[in-house]
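Below are two complexes that have chain A in common, paired first with chain B and then with chain C.
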Partner chain A sequence: MKIQLDFGAVLSEWPLLLTGATWTVALTLIAVALGTLLGIACAWVRGRGMGAALVPWWLKAVVTAYVELIRNTPFIVQLFFIFFGLPAAGFKLSAEAASCIAMVINLGAYAAEIIRSGLEATPKGQIEAAQSLALSGRHIFWRVVLPPALRKVWPSLVSQIIIVMLGSSVCGQISTQELSYAADLIQSRNFRSFEAFIVVGCSYLLLSLGLRHVLNWAGARFLLGRR
Partner chain B sequence: MKMFQLSKRGATWALATVSFFVAAAAQAQTALDDIMKAKVLKVAVQTDSAPYGFVGTDLKPIGLDIEMANYIGKKLGVAVELVTVVSASRIPALQTHKADLVIATLGKNPDREKVIDFTAAYSPFFQAVFGPKTVTIKGFADLAGKTVGATRGAMEDQELSKLAPAGTDIKRFEDNNATVAAFASGQVQFVALGASVAANMMTKNPQLAAEYKLLIKESPNYIGVAKGEDKLKAKVNEILAAAKKSGDLDALSKKWLGRPAGDLPL
Partner chain C sequence: MVDFSIWDIVRNLLLALRWTVGLSLMAFIGGGAVGLALVLLRQSKSAIFNAIVSAYVQLFQGVPLLVQLFLAYYGLGLFGIDTAPWVAAGIGLTLYTSAFLCEIWRGCIASVPKGQWEASSSLALTFYEQMRYVVLPQALKIAVPPTVGFLVQVIKGTALASVIGFMELTKVGKTIANATFSPFLIFSCVALMYFVLCYPVSLYAQYLERKIHAHR
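The block that comes next holds the complex of A and B.
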């Protein structure tokens, strides 16, 4: 069988593809920024040792419920719940806002567990040493416990971020104009589905590799401190 | 296993032979006489395309197509036997004489005309924009600045993209269910849908207070008869012409689609 590929038909729709790539990147960056912060907060609440006595039991229960709920339901269900379900409760969001929120809460839950595993790997002696220097609880967490914990789990966190970025392809289902939405729209117009998905597949590959590099570099440079 | 594999040429011959016999049978032109003799009219209908043909609460087929079948049966003075088919088996049902007529949201196109014959159109099928009763829409220009949901790649999506003004925000969804859900949850102000999907949406969600707004494209339904059955075709056309004149077709269309049949092509 001979297949005739016509990439021109797909690439001539470059404004659509560019809009798509921009949305994919924008959604991912917001998800990374807010999701990681959310993850750190939840990891602190759930983690043992670090000022855990300060956390009321109900907050712990709420955070545990959130983490378990998100990690045990599919992303597309969470997305549809926010976009199609919440308006029934009078909470109407645009497709883009719904996508953004879904990605943040999704990454937040996974990041919480990843970061918690880093926090719990902190040697007890290290915390005790900090306490003996009369550092406050907040100081101990931000300066002593968190940086080495993040350094330990950074590769898994970056992997999770990539997964969330690739998962954003589902957001096209609720009409967010991200990259796979662009591919679907192009192939529904010119029936060049093979070419459209090759182009978009390669775009995702490049975005993933690029994002991994940027995050590895930025993580080492800014977040984790130099060894 | 090898001996059971048909060669390509063998398959072509087999197909040619079968179609020869089908064609020969179709030339007989006895369908109308057979129907009158047996006092039974066999009609192929679909039960998955509300409101044209679907299953009622008593598990029996109901809908516009079924009423049309019963109407023709009554005019012929014979009983009607419904043969349930799916979309892809509508034309084979005629070719294999499982049914005398196909009344199942069947659209006419040149490819189909090669294998079966069509009577006049009996009901409208159309893609249209639907929206809330509270908003007045006079033409496509009024859609500027509004959000309209459509199913990506469907006929209505493609036609709407041509008709709607530049400022229209067309939100495209994966399938009809998602498009309907987006409208039902208020995520889009209007929807572009096929008539049957829209009618289904409106009967199931009366609280939406949605109504027909703008016509996107007409694609009426025809009754299919086996190729060459001109006597039967002429008889059905006669019944349809009378029904059109008496307003019965309009009444039928109004009852199930909420819109008169209008000027249907012959």
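The block that comes next holds the complex of A and C.
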């Protein structure tokens, strides 16, 4: 049996692919920006010696439960819970909003654990030195503890961000118009399903390589201060 | 609308959980076998094998599992192989798992000190003997915690098999949610079941990790 692949039929639908790629990138950027902040906040709450004195025990318990729950359930179930489950409880969300929220919550939990390991690697002497210079608690965290911690864990954080970007392919299942949704749409038009997913798979590969480059560059530029 | 009692829902979800566990084991065992073969190829001196294996790993780590599963599903059909969803899901997840385990184990082998290789080759051990008696036993010790940790990723990965129609926990949950119109309850149950399955494995991986570091 001879198999004939027809990539032209898929590539001629390039506007759909472009919209898809734009959505994938947009979702990822939102997730990175908000998810990292959420991760820093959670890491501050959970980290030993960080917010320990200021944070009530119940908040710590809530954050721990959040992190463990998200890390031990599949992203697709989280997404379905937010998109299908929450409207039943009175929160109606569009597919795009649900995707954003799910990705931010997902990355937040993983980033919290990664950043926490960086925070806990901070030598105690640095905090004591900062305290002896009469820096406020907020200053110590943002200026003394956080930057070196981020620098230390940046490679793991980059890997996690890429995993989340690839995970965004699941958002197509709730009709967010990202890249894998485009593949589904194209194959429903011309029945070239295998080719469509090969093209989209290659696009993801390129996006993940590109994203890794950009993030590594950004890490070196902003965290290490190299120009 | 179909009338489901709570017990009906839980019972059906538990029945579906068997398939999630089965698929996870299939992917983990198959992926482990393929991953081991790959990592041994990676250790050989041949530049071609090295390049092929690292491209393979790069490919499976850079393409979403969802797309891999679709490719397995439609691709096998294209070659005239009758694709039941479980076959496509099993093959897709096996390849995915093998790429990640290959990369994890490569790191473990690389962390065996170079002197061990040199010492064993000065004793005229062959590549096989070096691997079997010197390097792998040491690498195995550090490989266990991250491997157990990755099992959690595999279990979560099986949830994606629902998109190609494999009736595991997520798919059954979605089907029941459509029939009963109570998605909040059902997806909470589904999430809880995944959590009950994954959390002990996560804790065990953390425990193993701590045990290894305590020895140092």
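The rule is simple: the second predicted complex is superposed on the first by the 219 of 227 C-alpha atoms of A that agree within 3 Å, B and C clash if a C-alpha of one lies under 4 Å from a C-alpha of the other, contacts with A are read in each partner's own complex, and residues count from 1 in each chain.
Heads up, the rule we're going with is that a contact is a pair of C-beta atoms (placed from the backbone, for glycine too) under 8 Å apart; a residue touches a chain by one contact, two chains touch by 3 or more.
None of the values given here were measured: they were computed from a predicted structure.
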If we overlay the two complexes on their shared chain A, which of chain B and chain C does A:Leu69 touch? Say first, second, both or neither. second
Using the superposition on chain A described above, determine whether A:Ser188 touches chain B (first), chain C (second), both, or neither. first
Tell me the contact category for A:Ala95 with respect to chain B and chain C: first, second, both or neither. first
Check the residue A:Phe81 against both partner chains and state whether it touches chain B (first), chain C (second), both, or neither. second
Just chain B (first), just chain C (second), both, or neither: which does A:Leu11 touch? neither
Which of chain B and chain C A:Ala121 touches, first, second, both or neither: neither
Quick check for you: in the superposed arrangement, does A:Ser175 touch first (chain B), second (chain C), both or neither? first
In this superposition, the partner of chain A with more touched residues, chain B or chain C, is C
Looking at A:Ser208 after the superposition, I want to know if it touches chain B, chain C, both of them or none. Which is it: first, second, both, neither? second
Find the residues of chain A that appear in the contact set with chain B and again in the contact set with chain C. 84-85, 87-88, 172-173
Of all residues in chain A, which touch chain C in the complex? 1, 3, 68-69, 71-78, 80-81, 84-89, 162, 166-170, 172-173, 180, 183, 193-194, 197-198, 200-201, 204-205, 208-209
Residues of chain B touching chain A in their complex? 149, 152-153, 157-158, 171-174, 178, 181-182, 185-187
Where on chain C is chain A touching in the complex? 58-59, 61-68, 70-71, 74-75, 78-80, 152, 156-160, 162-163, 170, 173-174, 177, 181-184, 186-188, 190-191, 194-195, 198-199, 202
Per the touch rule, the chain A residues reaching chain B in their complex are 83-85, 87-88, 92, 95, 172-175, 181, 184-185, 188-189
